[in-house]
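Next come the structures, one after another.
Presented sequentially are two complexes of subunit A, the first with subunit B as partner and the second with subunit C.
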Partner chain A sequence: MTANILDGIVLGLQFGLLAAGLTLVYGLGGVLNLAYGQMAVVSAIVILFSMNAGLPALPAVLAGLVVGGLAGLLLDGTILRPVYRLHGEARVLLSLLLTLGVAFIVDGFFNWRYPSAGLSLRIGGGPIRILGVPMRAGSLMASAITIVALAALFWFLRSTTLGRAVRSVIEDEEGARLVGIDPHVILRLILTLTGILAALVAVTRSMVAPVTVTAGFGLTVFALIVTVVGGLGSVTGALLAGVILGVVSTIAASEIGTFLSLIILLAAAAITILIRPSGLLGVRG
Partner chain B sequence: MLDVRGVVAGYEGGDVVHDINFHVDAGEAVMIIGSNGAGKTTLFRALIGLLPMSSGTVMFEGADITGTPAHLVTRLGISFVPAERRLFPNMSVHENLSLGAYPSRPDPETMSLVMDLFPRLAERRRQRAGTMSGGEQQMLAVGRALMGQPRLLVLDEPTTGLAPKLAAEAYEALGLLCDQGLTVLLAEQQVPLAMALCDRGYVLESGVVRTEGTSAELAENPEVQRAYLGVA
Partner chain C sequence: MTERLSNAFGTSSIGGTEARASRSLISLIVPVLAIGAALSLLPLRLGDSRVLMGVAIIGVTFGCYAIAFNIIFGSTGQLFLCVGALAGIGGYGGAILGDTVGMPIIVSIALATIIASLTGGLLSWIAVRRSLGVIFTGIITLIFSLSFENFLLGLGNLTGGESGFLIESGASSFVRRQIPPYYLMLVLLVVFLFVHGLLRRSHIGWAFRALRDDEVAAELAGIDVSRYRVYAGLVGAAMLGMAGATYAFTEGRISPTSFGFAQVDVVVLVMLALGGIGTLYGPILGALVFSVVDEVLIDLGQLRVLVYGVVLIVLFLWIPRGVIPTLRSAIARVQNGEQESDPIGNAAAGDP
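Take a look at the complex of A and B:
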């Protein structure tokens, strides 16, 4: 049981980081990015190919992070342009449809060209015992990176002028404009940042299990469930929900079976929403 | 300082204000009075860049700012306090004030000026804005606007939702700001309060400027007396 809980926390931290990206973009601009998992996959493939071409792991990972950020910037500059002209529900729906289209195209392309590609980053060293449970070095490294990334994200949002500006747009967009903040510039920045986060999730996932070309939708769905449970627009909520659902999912997978674990995850999400419609820590109702 | 000519603005359903002309000189306090639905909010939102104008021009300190988006108007030196305040409810008083100085770091001198003007805000620095009373939120909204060191402060119905005693206090604070030389433009339904503060005013009715004059002249105007001062 302890092993399952520890594994669940490892998975949950990554869920949390993934969902933080989705929830920030939604909270800021009412944009639901369903190509989010594919952004992670694109970064993973870039890292894989860079390493196959002979680049050492660290520069290859950096290249992947840069590509993740550029993917976010590219979404902002192209497919999301018409989305920004709409408001309210229409904006959410159009963003959902267009990014879903992008996701299908990216998925289709990779399945056609590189159907068996998958990124695995091997971290050397034997298992390390935590609370009496042997943990793989890869899992620990993945958790350490994720925790540092989450801490950096919290620090940015809490303690920097730009981070405060990001939160102010989530809380009241018109109020933000009145103090001199351009919501579009903030959204572009955050799309870029969340692209980097998606790439980072690909990197840390690949330390535990291979990230294949078909992993995109799975990542998006997990991020979406965690986002909804955590409350749209709340990074703390995303982290909390990520860890809870990570533990639930891992225990369910080991006690009942992998197939049913997704259903149990969805049930846990549905129950949360029935009890608290705005999620655990939702900003927008 | 502010020169508004021939402004027409409204929403998709049609124009709300028609051919509005007025001006505010440096150091003045000017009021736009009118009943609910006269178009005061629409006019201010258009001036500040929150709402597109159908026609007209707005000059600020000699520069044409017509159609400039709100976040840039703010940086030019005009701070707007809307009736709904538009605070950041889950952020602390201090964070709200700090953001008022965006994109600069908050100026410590301006911060202490705001705290001196509204000692309640100093007491509640760490409290979340959304948990404060209506009067305190109004102080915070004005304080946040002042953090941007504006040369023109524009307020839409600063007494909205305030009990009479708090409304009077809000106007006392505005009076202090005027005495320090800040230029103020405000829209108000509570005409006696605004008249006591402002040098001049314009009466807005059904989207047009019906009459204008100094506060003393308006107070003598029988129509104004009947409609806004409760004189039979």
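Take a look at the complex of A and C:
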């Protein structure tokens, strides 16, 4: 049981990081980015090819992070431009449809060109015992990176001027505009940031299991489920929901089987929507 | 007065006085039958090729799905991302009732249709009762889709899991030959088209348009918005179930990918975007264009997915000067009395 809970926390932290990117963009700009998982896949492939070209792991990972950020910036500068002209549900809907198109473009290209490519980063060293449970070095490394990234994200949002600007836009876009914050600049910044987060998720996932070219849709769906349960727009909610769902699904997977564990995740999201549409800690209903 | 009348006749808005109703019935029957007749000639050209007939059958099946999705999403703004799952309830329901339970095919299809219809109505009812907006309706139906796929994979004993369900019922009858399935699906397509046309001409069609354009105003005008949403869910899902079940019996083998989200919902969305959301003939046009393009690009393999991505983006951004405003009025209920013309794409799709 302890092993399951620890594994669940490892998984849950990654869920949380994954959902944080999706939820920030939604909370800020009312943009639902369905190409989010594909951003992670693009970064994973870049890292894979950099390493195949002989680059050491660390610079390759950095290249992947840069590409992830650029992907976010590119999304903001191209197909999301027309989205920003709309408001309310129409904006969410158009962003959803257009990013779905982007997701197809990425999926179609990679499945055609590199159908069997997959990134898996091997972390050396034997299992390390935590609370009496032997944990794989890769899992621990992934969790450590995730925790540092989440801590950095929270620090950024709470303690920096820019981070406060971000939060003020989430809470009240008009008010933020009145005190001289340009929501579009903030949104561009956050899309770049979430691109980097997606790349980071690709890196940490690949330490536990391979990230393949077909992983994009699955990652987006996980992010969406966690985001919905945590509350659209709440990073704390995403982290909380991520850890809860991670633990629940890991326990369910080992006790009753993987197929039902996925159903449980989906059911959790469905029930959350029905009972508490704003999620655990949502800012928008 | 005569001038006003002729003006009224000249517009393409549908419904109205008794006199106009009878006129529009003819103007519905003629084009629908013409489409049916034109499509019924297709096997004369393609009948020799098993592959091309297969493509044609799938094209007509997807036309049926697109009409159903159009009734749910185009008419009442409910983003049902479970088109494949509802058709799959029909397909797998029919197969299980026919083979495992041992009912006659026609009874299996009828029961599967009812089950799918009730499921769709239930989803609609939940969305309406919890006043889920378009996004949450989309997310919850997407969740339903994914759960359904997982159940298909998980309940391997019943559904055959990943390798699929081999349907024994009707294996040696005419429904498995090369051409009859095409006509079976075509009959469904024509019936669905006709039903949708009738709906648009009835008070239900009026209610649909009113609630799509401005939900609050419709509610104030005495339209029971919830009820009409659930109607749309029931009717659309019944069509999906019937088409899915019929397709399953003619195909003889169904697998989770026959009704998967990526394989059905996404394609139907592209078809509808192509043809014009909310129009009567848009789904047919979309299904036709899509099937032809898909067949032409067959050699591209996975690269076709990329092409559809581009098509989706281009459609929603540039070509349909109307798709985005239509969406906006359908979903965000941004009302503007003047702008309320008939749904965009009518001209292109030749809507009467």
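Observations
The rule is simple: the second predicted complex is superposed on the first by the 285 of 285 C-alpha atoms of A that agree within 3 Å, B and C clash if a C-alpha of one lies under 4 Å from a C-alpha of the other, contacts with A are read in each partner's own complex, and residues count from 1 in each chain.
As a convention for this text, a residue touches a chain if its C-beta (ideal position, glycine included) is under 8 Å from a C-beta of that chain, and two chains touch if they have at least 3 such contacts.
What you see is a predicted model, and the numbers here were worked out from it, not measured in a lab.
Annotation: superposed three-chain arrangement on subunit A; subunit B versus subunit C shows no clash, the two fitting side by side. With subunit A as the corner point and C-alpha centres for all three chains, the angle toward subunit B and subunit C works out to 90 degrees, nearest 10. Once the two structures are superposed, subunit B and subunit C can be ranked by residues of subunit A touched, with C on top.
By the touch criterion defined above, A:L100 reaches subunit C but does not reach subunit B.
Judged by the touch definition given at the top, the superposed model places A:V228 against subunit C, while subunit B stays out of reach.
Shared-chain residue A:F259: touches subunit C; no touch with subunit B. With both structures placed on the common chain, the touch criterion links A:G125 to neither subunit B nor subunit C. Contact with subunit C, but none with subunit B, is seen for A:L86 once the two complexes are overlaid on the shared chain. In the superposition on chain A, contact of A:G77 is made with neither subunit B nor subunit C. Of the two partner chains placed around the shared chain by superposition, subunit C is the only one that A:N111 touches, whereas subunit B remains out of contact.
By the touch criterion defined above, A:A269 reaches subunit C but does not reach subunit B. Superposition on chain A leaves subunit B and subunit C with their closest Cα atoms 9 Å from each other. On the side of subunit C, the complex with subunit A involves touching residues 79, 126, 130, 132-136, 138-140, 142-144, 146-147, 150-151, 153-154, 262, 266, 269, 273, 300-313, 316-317, 324, 327-328, 331-332, 334.
Against subunit C, in their complex, subunit A makes its touches with residues 32, 79, 82, 86-90, 92-94, 96-98, 100-109, 111-112, 115, 217, 221, 224-225, 228, 257, 259-260, 262-263, 266-267, 269-270, 273-274, 277. Of all the residues in subunit A, the ones that touch subunit B in their complex are 161, 164-165, 167-168, 171-172, 174-182, 283.
Chain contact summary for the complex, subunit B toward subunit A: residues 48, 50, 69-72, 74-75, 79-80, 82, 85-91, 95, 98-100, 102-103, 105, 144-145, 148.
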